[in-house]
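Okay, so chain A shows up in both of these, paired with chain B first and chain C after.
Take a look at the complex of A and B:
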């Protein structure tokens, strides 16, 4: 018989692992009905009168359930069943990578809920609520502008997550200075210095997200090691954006990274992208033709080969 | 302090004074942070206590920080450190007389910070004179006439003083650094603290 399927669809949520009962709309409990799941008939074992009972549901139970009146095959009720979980306590983190302009807060759920969740964040400072401007993307992030600087009063951020099966929240409070963490330095480049078999010149730039290097200078931390050794050497630099490594092992390829920190407050950035370089080495005398001077400075992302007729990078003068 | 008239041209001396002030600020900040930790522990307080209700302490928090003039920056700093001199003297007196009467080392560490604050105030005043800014008047009476407080209130107040002092030390370094920035009118900066500030 032709099934009449004119019926607006409902949505019902069910918690993973629980039993679910779906009523056939307003149909009498004792009426004879047929239920389908995604247009597949369900056998009578799932029925309790006209109610559909699903045991220990899992994600595969999500789908469209339809209830037809026994004799007329008239669609009496249709529901979209969504199986999921109530939200766990969200993970919330706030950080200022563009001090002193402001800071952003980002969040995520420790495990998926499989159903739509909505997030609400409130930021309080000096018992006043501050607007947290939602980023278009990523969605789970918003931005707060500093209205005051150098405040000893803590910021208190509360994130509440809600879905059809429950609700959870987390609150963090922090001091303005504590969350200052720049982005890693950018454009890190390491080059050999001709005629200096134990030296490497490393240069880098301020993270582009750091707004005012003049008023808020960063200091830097450089770490380097030959690829063949697992032990890092470190040097802290409170001035400038270049450094000459003077104790490199001759002829050994080095891996180099840089980190940054505000001169006065906050924590160190993550390490920059790693770059590689090998100190300058004497060209073997017997080679008469122009030797291909290979100087490999590759960052993890790009490598370049120095042309044989290298315009001598007179870094010695640069270095002094 | 006699306002000795110096020509604004002697910027190397400004720079040197500015740099010494920054180094002092950094040293003081480290000492204040340690002192604050010791203070919280010895007074049996919790560092997350809300101190919003404690008043009469110069707050480092500021709204239009980047727009302030040199004179305002230095003036605000100087008034703050004068106030901290008085407040630290009060704290020291309270610790000696009733809160930690036998903890001489603790008293010494407060005394040490007090001396640094005094030196700081002196250097800021000198810098203002050098840069030909008018030195603000010292308003002390308001603080000295404060009403009698309970022990717990005294403890909280001391904590607030040290917390604000730590934040002021960061703000002051930034303020001094702003002095070295070319003003909008393009005039050359009076003082260049850049090198020391980067240490």
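Take a look at the complex of A and C:
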């Protein structure tokens, strides 16, 4: 029989692992009906009168369920079943990487809920609510501009997450200075210094996100080690954006990273991208003419006089 | 600029000193004052302590004179409060009393240093601060005031460090020398 499928679709949510009952719309409990799941007929064992009962649902139960009146095969009710979980307590973090302009808060759920969640964030400072400007992307982040600086009052941020199966929230409070954490230094470059077999010149730049280096200078932490040794050496630098490593092992390749921190407040940035460099090494000197007779030489492209022992070799090369 | 650098260094030293002193003093005050998340309301007594909080744009636009004057006035006030703190510390805690006295002396030095810079730049000193430190009418309120005083002090030192950073970059040495010469030095 032709199924008539004109019916607006409903949505129903069910919690993972629970039983769920779906009624056939307004059809009488005792009526004879047929249920399909994604257009596949469901056997009578799932029925309780005209109600559909699904036990211990899992994600695979999500889908479209349709209820047809027994004799006329008329579609009486259609529902989209979405199986998921209520939200767990969200993880919320706030940080200022462009102090003193402002700070951002970002959040995530410790585990997926499989159904749509909505987040609401409120920021309070000195008992006033401050706007948290939502970023276009990423979606789970918003930005707060500092209206005042050097405040002794704590910021209080509350994040509430809601979905069809429940709600949860978390609140953090912090001092203005505690969340200051610059981005890592940029454009880190390490170079050998000619004629200095134990030195490396390292230069870097302020993170481009740090807005006012004059008033808010950063200090830096440099760590370096030869690739072959697993032990970092560190040096803290309170001024400037370059440093000469003077105790490098001659000829050994080094790995170098830099971190940054405001001079007075907050915490250290993450480490910068690692750069590699090997100190200057002297060019291997070629034998002088006296020592020629006693030593065979490999071919050399250097500008030194080609030893006579290679004359035959040259004439062969010219013949080819 | 040399004296601004020295003043900046003194500010950093004070900040370091206060960090240890505040931890000791808050432990002396005991819970909840020494708990990291303690965030009490600021009552009338503590409202009188000069707040370092400043409108961001205003702070940015302060000229050197106003910037120095704000620092000078704040520490003048804060020093008065520190003296009242001294009286509250029991004689049975000599180390804490000594640290407080040492810190107060250093802060007095900072005040003198700021005054020196202002004089060398030809700025008038702000009028002296009338001693209006309110006396709290309970031991608990006294502790609340002390809590906020320490927090303000910490924040003022951070603000001063940023102020002196700014001044270091903006005040050419010649400006200081020029003024000294016109005053016959």
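Methods note: the second predicted complex is superposed on the first by the 286 of 320 C-alpha atoms of A that agree within 3 Å, B and C clash if a C-alpha of one lies under 4 Å from a C-alpha of the other, contacts with A are read in each partner's own complex, and residues count from 1 in each chain.
Rule of thumb we're sticking to: contacts are C-beta pairs under 8 Å (C-beta built on N, C-alpha and C of every residue); 3 or more make two chains touch, one makes a residue touch a chain.
Predicted model only: the values in this text are computed from it and were never measured.
In the three-chain model built by superposing on chain A, chain B clashes with chain C. In the superposition on chain A, contact of A:9 is made with neither chain B nor chain C.
Residue contacts after overlaying the shared chain place A:219 against chain B, while chain C stays out of touching range.
In the superposition on chain A, contact of A:148 is made with both chain B and chain C. In the superposed model, A:239 lies in contact with chain B only, and not with chain C. Of the two partner chains placed around the shared chain by superposition, neither chain B nor chain C is touched by A:39. Touch criterion not met for A:195: it reaches neither chain B nor chain C.
Of the two partner chains placed by the overlay, neither chain B nor chain C lies in contact with A:118. Annotation: chain A residues 100, 147-154, 173, 177, 214-217, 263-265 touch chain B in one complex and chain C in the other.
Only residues 100, 146-154, 156, 173, 177, 214-217, 263-265 of chain A touch chain C when the two sit together in their complex. Only residues 26, 29, 48, 51-52, 59-63, 65-66, 160, 163-164, 166-168, 170-171, 173-174, 177-178, 181, 195, 197-199 of chain B touch chain A when the two sit together in their complex.
Looking at the complex, you find that chain A touches chain B at residues 100, 126-127, 147-154, 173, 177, 214-217, 219, 238-239, 263-265.
Against chain A, in their complex, chain C makes its touches with residues 12, 15, 37, 39, 42, 51-56, 59, 148, 151-152, 155-159, 161-162, 165-166, 169-170.
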